[in-house]
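Have a look at the structure that comes next, please.
Every chain is named by a letter (A, B, C and D) in the order it is written, and numbering of its residues begins at 1.
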Amino acid sequence: MLGDKKNKEKSLELGFGTKNYQKTVRFLNKDGSVNIKRKGLKGFDNIDRYHWLITTSWTNLLAVILISYAVVNTIFAAIYYQMGYQNFGGIAGYDGPERFLDLFFFSAQTLTTVGYGHVYPNSTNVSTVAAIESLFGLMGFALATGVLYGRFSRPKVALLYSDKVLISPYQGITGLMFRVANTKQNELIEVEASVVLSYSDPETNKREFESLSLEINKINFLTLSWTIVHPIDEKSPIYKVSTEELLKRDAELIILIKAINDTYSQTVYSRMSYKAHEFEENAKFVPIKQEVSGEGKISINLTDIHRYNKTF
Amino acid sequence: MLGDKKNKEKSLELGFGTKNYQKTVRFLNKDGSVNIKRKGLKGFDNIDRYHWLITTSWTNLLAVILISYAVVNTIFAAIYYQMGYQNFGGIAGYDGPERFLDLFFFSAQTLTTVGYGHVYPNSTNVSTVAAIESLFGLMGFALATGVLYGRFSRPKVALLYSDKVLISPYQGITGLMFRVANTKQNELIEVEASVVLSYSDPETNKREFESLSLEINKINFLTLSWTIVHPIDEKSPIYKVSTEELLKRDAELIILIKAINDTYSQTVYSRMSYKAHEFEENAKFVPIKQEVSGEGKISINLTDIHRYNKTF
Amino acid sequence: MLGDKKNKEKSLELGFGTKNYQKTVRFLNKDGSVNIKRKGLKGFDNIDRYHWLITTSWTNLLAVILISYAVVNTIFAAIYYQMGYQNFGGIAGYDGPERFLDLFFFSAQTLTTVGYGHVYPNSTNVSTVAAIESLFGLMGFALATGVLYGRFSRPKVALLYSDKVLISPYQGITGLMFRVANTKQNELIEVEASVVLSYSDPETNKREFESLSLEINKINFLTLSWTIVHPIDEKSPIYKVSTEELLKRDAELIILIKAINDTYSQTVYSRMSYKAHEFEENAKFVPIKQEVSGEGKISINLTDIHRYNKTF
Amino acid sequence: MLGDKKNKEKSLELGFGTKNYQKTVRFLNKDGSVNIKRKGLKGFDNIDRYHWLITTSWTNLLAVILISYAVVNTIFAAIYYQMGYQNFGGIAGYDGPERFLDLFFFSAQTLTTVGYGHVYPNSTNVSTVAAIESLFGLMGFALATGVLYGRFSRPKVALLYSDKVLISPYQGITGLMFRVANTKQNELIEVEASVVLSYSDPETNKREFESLSLEINKINFLTLSWTIVHPIDEKSPIYKVSTEELLKRDAELIILIKAINDTYSQTVYSRMSYKAHEFEENAKFVPIKQEVSGEGKISINLTDIHRYNKTF
């Protein structure tokens, strides 16, 4: 039975605790993010703010930039408006909303340092505020440069995992296997995988985590696809364990892949999780077609990564 | 007695020396900074300046930027003033402080490259100075961009440590334990801890440092909290050592935690220290509540990290 | 025969698969790039775009910048043109292409924030568009700063490999050897090499990959040149294998070199491949001349790296 | 005799070759730079240019920026001058040098995007050139930002080494020792040292390199000073070797120190070399004074690092 052969030495401390939840849980989401929320923290600080700016969508970032721009210009326009139009050169005499808009655009021209100059400050007070605003604009722009560079240079990896984990015949015995490929133009080198099985143990009433041994756990290049195989031999915790048993135990396969993106020599991490209902018994992956062009260039088609045949 | 079982092989060279100070010392402050001052160094150079700009508070940085801006503009205004108003277009004929202020704002408009143009240079001398000033402004701004990005991208970690170190029953024997959690939105992976006990040895009259073995010294994810446990068995240097003895020996528990912030694949370091008066005997940590929502999302409340009950 | 002594333990999983192509293939190009194309991927996304901007030639990058600049200005000019000339101050009354050009340059002056101001917006609509355009310009410029810095700071290495791999007498036995040198002004430290031989096996009809043992596989500094030697002894897979056999087996020598560029403490990777027709039997490298100046400075001439003499 | 006990296993391949120069050589300069020049390389390319911009002095960098600025403005001024003054608004009618200067400053105002606007382009040709120039200016400024950030963020370490290497009594036997300290405000952690002795061998007529074993080769913090000790016992290559012999053999002690600067989690490398004439026999380092303030803050004075007493 699952957990019988549990080898304490081999077990990996994943840091998810061993509490046995009464409900079905998922530790990792399909996109690799950790499915845990930490509450009771002190407020959002600069570290969290930068983290958000770096990881949010481009749409959110653009919205934040545009809204900040509008808000800052509105604030400065209000300050200028209160100082009175006689402090400005090149501004017409009428009052009210139109004046406010003129000052709003003067503010925008100052903040971005475009400074056409058809409107310009001609008193000490307004000049002081404008001098501060243009410095402020440069600082805000420096921040934006940092955020954009931070987003670009952040280590990223986009692995494609097969939809299913197959339990299929493999070199005389049975193997648990899934496929992975790099979807990006860059090359991944020194690619290392580790696979952990998590399941609830009704006897100890704890959540157990066991590391699964792999046929090969490191490859030099991930140029084609890689079929990661756990041989289900006598030493395997899932030896003679049925998929139904795995479902009942709320099993989760947690995958951690570490590689180096060789464009930037950056270490990148990919995480993935399969729940037991994504396991497929008696199935075999269809090999991914490889073609060689006349010049000896090898090409593969990654759309085939999910394809498998049922075997009986 | 403390130090009797000292294992020379296991002892860690921390780099704090072995001098036995007559007074009570603290090697690490509560915030992890090293409580040692190096004097007799050559002056503050560029490395130190950049270090200061990166590590100082935002308030200090803002003050430095504003003061530099004011000082640079004052210097350029003084240069322009001395050249005489006839070298400028668009400037009024009166003299004195008002003239100086006009040139101060012309300088600010040049430095930030806002360049409204209602005042402009119309002699070779002034044009030359203004050309240099605008280049200078761009360079200063490039520096500011670098500093801001450096501050943002600096590896940071904000771990929450329990207020107290508990000496409490643990798996039949006794354990020395404290808890730690990540307070930020990012994930910490490959988290490694090492714990060293420092104490004065009245016999050798030296300060000793001993590495304490840990139940588990590495976890894959720090998503919940981690209770770091040193089992106080026969091999432990504090086996049968009372808290009073530790106080008398001016004991300090030095904690080093190394992890990878997976947003940026950066290695981060956290340090912490407990002095003997922060040890609590016969106490047990209250487990941190975990809740599972309907969708299988686990949430924990980190405000409970410090909570413990006295046991008798 | 080649492959007879194949040691399964030693074999390196390169990640190139074991398919035996009927044609001659080359896994790595001479410049170290991987000769494999992954198709069927989802479209070019931001990761790929940044990768392209970072790795493309300077000419391509300049072209992209200039074309984007022209396109963006044309779009904004079209918007301004449609709004009508009465919304602008300082623009002449005539219509048509000349007007369009004037607005095109107004757009350029807004986008770059140069803002001379001889043309300026004087209606709310145009001011709004111009305010957005100048923000847009700053953002585009922030992107360009990020890309330029990304290109500059990308870990780069430029190793010079000898044209040929020699099979020549070496310490009593025979050795397979090639030379490598750093062509840049920076220093490479902790330099590690690994060499893999790939060949087709007609029996198993698979492509085999075998790691070749090296005399020395790590050096501390790559200041002079390094002759990397695989001793062809009884344990070597190419022991008593002729160059003709290697040619017939479509052999490829795959070289991976890892080093640290000590200017930036960056890990850099160099890859190279030799096909069997680049192997030279009975040849010996001519030592690279070293000279010592009066002040004890050693200098070498790297143009000699390819030179060898035939031996008979 | 030196080299008798040479242990081939232990010898480190430093990458300096084994050629025995007839003259006295120094592989590493006192500042840690490698004293080897590689000639016959292809011209200075972008990698070398960036390397130069990052590592040159601030004075050189400033000179390059100012000269480039002057040259670029002169080129654009010449283009504008040739186009004729009627293409500009706001420029006076006289010709010759004064005109050229006006256009030079117009160019500077365009390149820096300050754009006062008292001179402005009013023909298509000039507008086109000015639009390109302002884009060019922004790109140049982006480059400067990258270079400045690259200089700032480059891993740097400034260790202070004692002037002399002492050969002095140590724990019953004799030790070869020198001291090292961090001169900067940041903290160095995980500090590792390795020491290699290089000397010429008259018998084999080669240059030999031997790694010297150290009492402690890694410390956790370099907060105080670190005395690095090689015990001269029977296993040492310099056991019973006199300083005269070392001088005759043109011995050089090559020191490599690797550490992590914990402000940026950057790995930094320090190199240093001592020639035999910097060895001092029968001398003992004077301990560096440590003081503890009332609040338990420890302070040391690093000016004492070089101090030693002769012993007889």
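Here, a residue touches a chain if its C-beta (ideal position, glycine included) is under 8 Å from a C-beta of that chain, and two chains touch if they have at least 3 such contacts.
Since the structure is predicted, the reported quantities are computational estimates derived from the model, not experimental observations.
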Proportion of interface numbers common to chain A and chain B (over half same, under half different): different
If I average the CA coordinates per chain, which chain comes out farthest from chain C? B
Between the options A-B, B-C or A-D, which interface matches A-C on more than half of its contact pairs by residue number? A-B
Can you check how far apart chain A and chain D are, centre to centre, with Cα atoms defining each centre and the answer in Å? 37
When centres are defined as mean Cα positions, the distance from chain B to chain D in whole Å is 26
Shared-interface residues of chain B (touching two or more other chains) are 109, 113-117, 145, 149
Can you tell me which positions in chain D touch chain A when the two form their complex? 113, 115-117, 145
Note: in the complex, chain C contacts chain A through residues 12-17, 19, 21-27, 34-42, 45-48, 50-52, 54-55, 89-90, 109-110, 113-117, 120-122, 124, 127-128, 130-131, 134-135, 137-139, 142-143, 145-147, 149-150, 154-155, 196, 256, 266-269
For a test of understanding, state which residues of chain A touch chain C in their complex under the given definition. 58, 65-66, 69, 73, 98, 101, 105, 108-109, 112-118, 141, 144-145, 148-149, 152-153, 156, 158, 181-187, 189, 191, 216, 218-224, 226, 260, 262-265, 290, 292, 294, 296-304
